[in-house]
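The data blocks that follow each hold one structure.
Look for subunit A in each of the two complexes below; its partner is subunit B in the first and subunit C in the second.
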Partner chain A sequence: MSRRISQSYIYGWLLLMPAAIFLIAFTYYPAVATLAKSFFSQGTALKPSEFVGFENFAYMLDDDVFWKVAWNNIMYAVGTIPISIALAILMAVWVNGKLPLRSITRMAYFTPTILPMIAVANIWLFFYTPDIGLLDQVSAVFGLPSHNWLGDPDTVLGCIIAITIWKEAGFFMIFYLAALQTLPPELEEAARLEGASRWYYFRRVMFPLLMPTTLFVLINAVINSFKLVDHLFILTKGGPDNASSLLLYYIYEVAFSFLDQAYASTLTVVLLLMLALIAVGQFYFLDKRVHYR
Partner chain B sequence: MSTIELSGITKRWGEAIGVDNVSFRVDEGTFAILLGPSGCGKSTTLRMIAGLEDVSEGVLSIGGNDMTSTPAADRKLSMVFQSYALFPHLNVEENILFGLKVRKTPPAEMATRLAKVAEIVGLSGLLDRKPSQLSGGQRQRVALARAIIAENPICLMDEPLSNLDAKLRQEMRIEIRALQQRLGMTVIYVTHDQAEAMSMGDKVILLNDGKIEQEGAPDVLYDRPATAFAASFIGTPPMNLLKTVAVDSGAAIDGTTVLEGTNGACLFGIRPEHMEFTDAGGIEVELVSADYLGSETIVAARVGDQSILVQTPGHVRIPEPVKARVTWDTKNVHVFDAGSGRRDDNVRALPI
Partner chain C sequence: MSTPNQNRHWTYYLETVGAWALALLWILPLLYAFWSAFHPREYAITFELLAPLTLDNFKTAWNQAPFARYFLNTFILVTMILAAQFVLCTLAAYAFARFEFPGKNIAFVMVLLQLMIMPEVLIVENYVTMSKLNLVDTITGIGLPYMASAFGIFLLRQTFKTIPQELEDAARVEGCSRLQILWKVYVPLARPTYIAYGLVSVSHHWNNFLWPLVITNSVSTRPLTVGLAIFGAPESGVDWSIITAGTLLAVAPLLIAFLLFQRQFVQSFMHAGIK
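Up next is the complex of A and B:
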């Protein structure tokens, strides 16, 4: 009897092994190693790595660049998430209705999503280029002076935010569109018979029923805002003066340009902690307000 | 105030015609039934009355006013949907009060009306539940409560009982009917269930293929069906409609002359419950099978190459086909023109 049980254990573990090896090698080990590394100094040929406790974290708190990119990242999240979600709902409601050329409109809204980020960045680079770019060409018609959109610390983050909204709103729209199509049309008719305006119906019925989607989209949007850096490589490389640098891009720079893996690990740990905290907060606070059917 | 009148109402979607030149009138305080098989246009007609669907042609008047293109909210009517259309994220109380809140009714008045309506439909203890925590019958009551709290003189119901089990449906029929009489509402009720129509309606409007087949009180539809379709749609089991063969003096079924004074081909109609077995006379049939229902048995039989049903009291067993004779009273015979399906009262049934 016990032999059969141990045999089936071995069988079970063998089945689990391929997936387990990949998960451990590429997810759990790096995560644990990163955490460990953040408590060690960066080793050099002369000075080997040694345990330094929270020294890396203390350094981080004194690092002006860290505070700058953290602030940039918050502005980036605040700038992109609400607007792209609002736009996504608006577009979804619009293309869910009766509309000529409906599927073409839907596709048009979704197109930015299927483009690779690098291609998107290149397209927008043409828009933002001083003098010959689309923005400057248009503003020149109205007699406005040329502006170096990506070269000005005041406008660069706004430019990046605009690109992200353009790219993400269509993606989130798909989720809202799917959710809208599960809403029975009788709800709208029942509300209409009671004299509810479209706005009242949206506010009291449609939006609350879309809350599960909103929560899902919100968490995705938050993670994305800390995760997306591809466009920075093409557009600004974080400049000028770190005005458009985001946390992950800074981590990349620290790890692979400054070759300080210990400090990069510290920053990664902090980023992960922040994300975990936000996700827990979102579930904790929003879940009670979400009605799941 | 709440008389509903349709004249020449037509609904088209491109080439397709859903409702074809329908006219009828529902007087104030009447419980009217729109009855018909699925796809006959009864729901579309109801939705046009509600204002949820545009009218392609014709005039709809409510309380003497032309409301053909009035927005749904201004027609002073409530509606109960087949799916109930309850708002799943709102509790029972919020669902019932939805319309009053839209119209910004004072809270004190809302509270009194809610208490009264909840009492009427028997939901008083369930006001803070979500629809998902209610049974089918309770959801149905919430939908009813939401319709009557508006105190509109007209209530439209689109197959409201079709999602309930048979026993509950029976109870709700009686309750809805009692509610309508107590509140004096004008109700237009859509159903494909003829038993529901017969038991609830003051007036039944039978639709087929977008047109009115017959309208009248339930007993008129049963006793004097105007068309072969009405005859076969009303009553369970449906009326037997037998093709007849023209003979010199009239028309015959399987060699027995049953009608005289016929004019061309006609259908001979007799309800299963109006036939009885006899030892002598009548016509000969071959009994094929029996469907036992408790108080009676529905016997399937063949006359020549046609099938008929005969209802007989008690329990009859037919293990193998057997010959028998059936007869009927001539006053229960209905005759329809074979081409148009119209009722023909000039033909006389012969005693057999």
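Up next is the complex of A and C:
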């Protein structure tokens, strides 16, 4: 018996080994190395890298761009998440019901999900172009003046948010659609027989039952708000004056344009901390839902 | 009695129109891309129903950038990642689903953590690793960080757990080795999961941009997304019709596959999301 157990030990670890090596090399080692590097200065040809304690972090707290980018990231999350989740629920309810042309409608909602963000940005760039862009052409019909949507610090983040909502809502719809299909149809019938309005049924029955899905989607949406920066490369490059820059984009700039890896590592530590916080939140809120069997 | 009924009808029509309007709004950017790509450049911003159609924009785009090479690079990249993911994730998932070994729970939590800490976040340090390994500007270098996918391991583990233990016991009585059991019992029975995961993985890596941008710097390694970003950059001075044509070229394979296998795609993303 004990021979079988120890054989199982060896087998288990041998099977796990290849994946473990990759995970350690490209996830855990770099995470630890990032943390270590954040305590060292950026080495140059004349001055080798040396231990500086929390100096990089002190620099970061004094860096106006960091605060701006962090604030932008919060606004980006606050601007995209509630609207895309609300739209996702609406889409799912519609597509799940008796809608004429249902599968075409569903396809239209879902299509943005499979397009690369770069392609999407190329297309949307046209909408935002001053004078000739679609947005200005439409607003000209109503007699509004032309506006440089992406050039104005007040509107640029809103433009970025609009694209992200468009891209994500259809993706989140899928999860709600899956959840809706597990709801027993008797619930809605019973509510109707009792004379409840559709809105009342949604508010008091459907939405609470969709709560686990909403939590799952919410966590994905929060992670995405740190991860989705591809469109910035095409549309704004973080500008004007960092008005549309996000944390990950700033990390990219610091590391690969300003070539300051030490500071980029310090910024990455902040990003890792945020993600760790989400991870803890997920285990805290969702562990009842994830079925470990 | 008739009032609530009429009421329902009235809102029903309103909702139908709302659903269609939203669908139109959602598909509009793509429709515009088609409009602009298939018409001469004079019509890129003016919309006339009878504007002449043309394929010239596609020809120009195709000749202006090495799209053929980009396609090949993306194809190699996506295939390589998928093959490696299938092997690594299958082995690891089997270990988690059917073996008891010390440290198993900790190892599993460590795997799950990668769902949060995606390779995109670690571009700075992974770049250093790749330059130490001499893999900067190689397709292998783009693929390596994604090969052990926590998502794939988790998905396959859940599937393997639903396969009855009796099947494995029976195969063992027949004299199959562990790896033979994995190959002959588990993998065939988990085929729907492989298809779902494969579709999600291929569309993710076909579209992935940030890490490939960082790690590549030549035509012979750049995937489509990075090539497209350079092609569409305002500095390159290409006009709208040609940019949209190039964009459609880049997304065409995935888009066509999606339109053909719509149900499969939607169900895969659903299946992958529910876990």
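Operating definition for what follows: the second predicted complex is superposed on the first by the 265 of 293 C-alpha atoms of A that agree within 3 Å, B and C clash if a C-alpha of one lies under 4 Å from a C-alpha of the other, contacts with A are read in each partner's own complex, and residues count from 1 in each chain.
Simple rule for what comes next: contacts are C-beta pairs under 8 Å (C-beta built on N, C-alpha and C of every residue); 3 or more make two chains touch, one makes a residue touch a chain.
Just so we're clear, the structure is a prediction, and the values are computed from it rather than from any experiment.
A.B. asks: Consider subunit A as the common anchor and indicate whether subunit B and subunit C clash or fit when overlaid.
C.D. replies: Subunit B and subunit C fit side by side in the superposed model.
A.B. asks: Looking at the overlay, does A:Trp166 come into contact with subunit B only (first), subunit C only (second), both, or neither?
C.D. replies: A:Trp166 contacts subunit C only, not subunit B.
A.B. asks: Return first, second, both or neither, reflecting whether A:Trp71 touches subunit B, subunit C, both chains, or no partner chain.
C.D. replies: neither
A.B. asks: Touch check for A:Pro100: first (subunit B), second (subunit C), both, or neither?
C.D. replies: Touch status of A:Pro100: second partner only.
A.B. asks: Hey, is it subunit B or subunit C that touches more of subunit A?
C.D. replies: Touched residues of subunit A are more numerous for C.
A.B. asks: A:Val205 contacts which: subunit B (first), subunit C (second), both, neither?
C.D. replies: A:Val205: touches subunit B, not subunit C.
A.B. asks: In the superposed arrangement, does A:Leu187 touch subunit B (first), subunit C (second), both or neither?
C.D. replies: So A:Leu187 only meets subunit B here.
A.B. asks: When the two structures are overlaid on chain A, which partner does A:Ala196 contact: first (subunit B), second (subunit C), both, or neither?
C.D. replies: first
A.B. asks: Classify the contacts of A:Phe54 with the two partner chains as first (subunit B alone), second (subunit C alone), both, or neither.
C.D. replies: Once the two structures are laid over each other on A, A:Phe54 reaches no partner at all.
A.B. asks: Rounded to the nearest Å, state the minimum C-alpha distance from subunit B to subunit C in the superposed three-chain model.
C.D. replies: Between subunit B and subunit C, the shortest C-alpha distance works out to 5 Å.
A.B. asks: Starting from the residues of subunit A touching subunit B, keep only those that also touch subunit C in the other complex, and list them.
C.D. replies: On subunit A, the overlap between the subunit B and subunit C contacts is residues 291, 293.
A.B. asks: State the interface residues of subunit C toward subunit A in the complex, per the touch definition above.
C.D. replies: 11, 15-16, 18-20, 22-24, 26-27, 29-30, 32-33, 36, 45, 87-89, 91-92, 94-96, 99-102, 104, 107, 110-111, 113-114, 116-129, 144-145, 147-148, 150, 153, 158, 161, 178, 203, 206-210, 213-214, 224-225, 228-229, 232-233, 240, 243-244, 246-247, 250-251, 254-255, 258-259, 262, 265-266, 269-270, 273-275
A.B. asks: Can you tell me which positions in subunit B touch subunit A when the two form their complex?
C.D. replies: Where subunit B meets subunit A, its residues are 50-52, 72-74, 77-79, 81, 83, 85, 87-89, 98-99, 102-103, 130, 132, 146, 150.
A.B. asks: Can you name the residues of subunit A that touch subunit B in the complex?
C.D. replies: Per the touch definition, subunit A meets subunit B at residues 184, 186-187, 189-196, 200, 204-205, 208-209, 211, 291, 293.
A.B. asks: What part of subunit A is in contact with subunit C in the complex they form?
C.D. replies: Touching subunit C from subunit A are residues 5, 8-13, 15-16, 18-23, 25-31, 33-34, 37, 87, 90-91, 94-95, 97, 99-101, 103-120, 122-127, 132, 134, 137, 166, 169-171, 174-175, 177-178, 198, 216, 223, 226-227, 229-230, 233-234, 248, 251-252, 255-256, 261, 264-265, 268, 271-272, 275-276, 278-279, 282, 290-291, 293.
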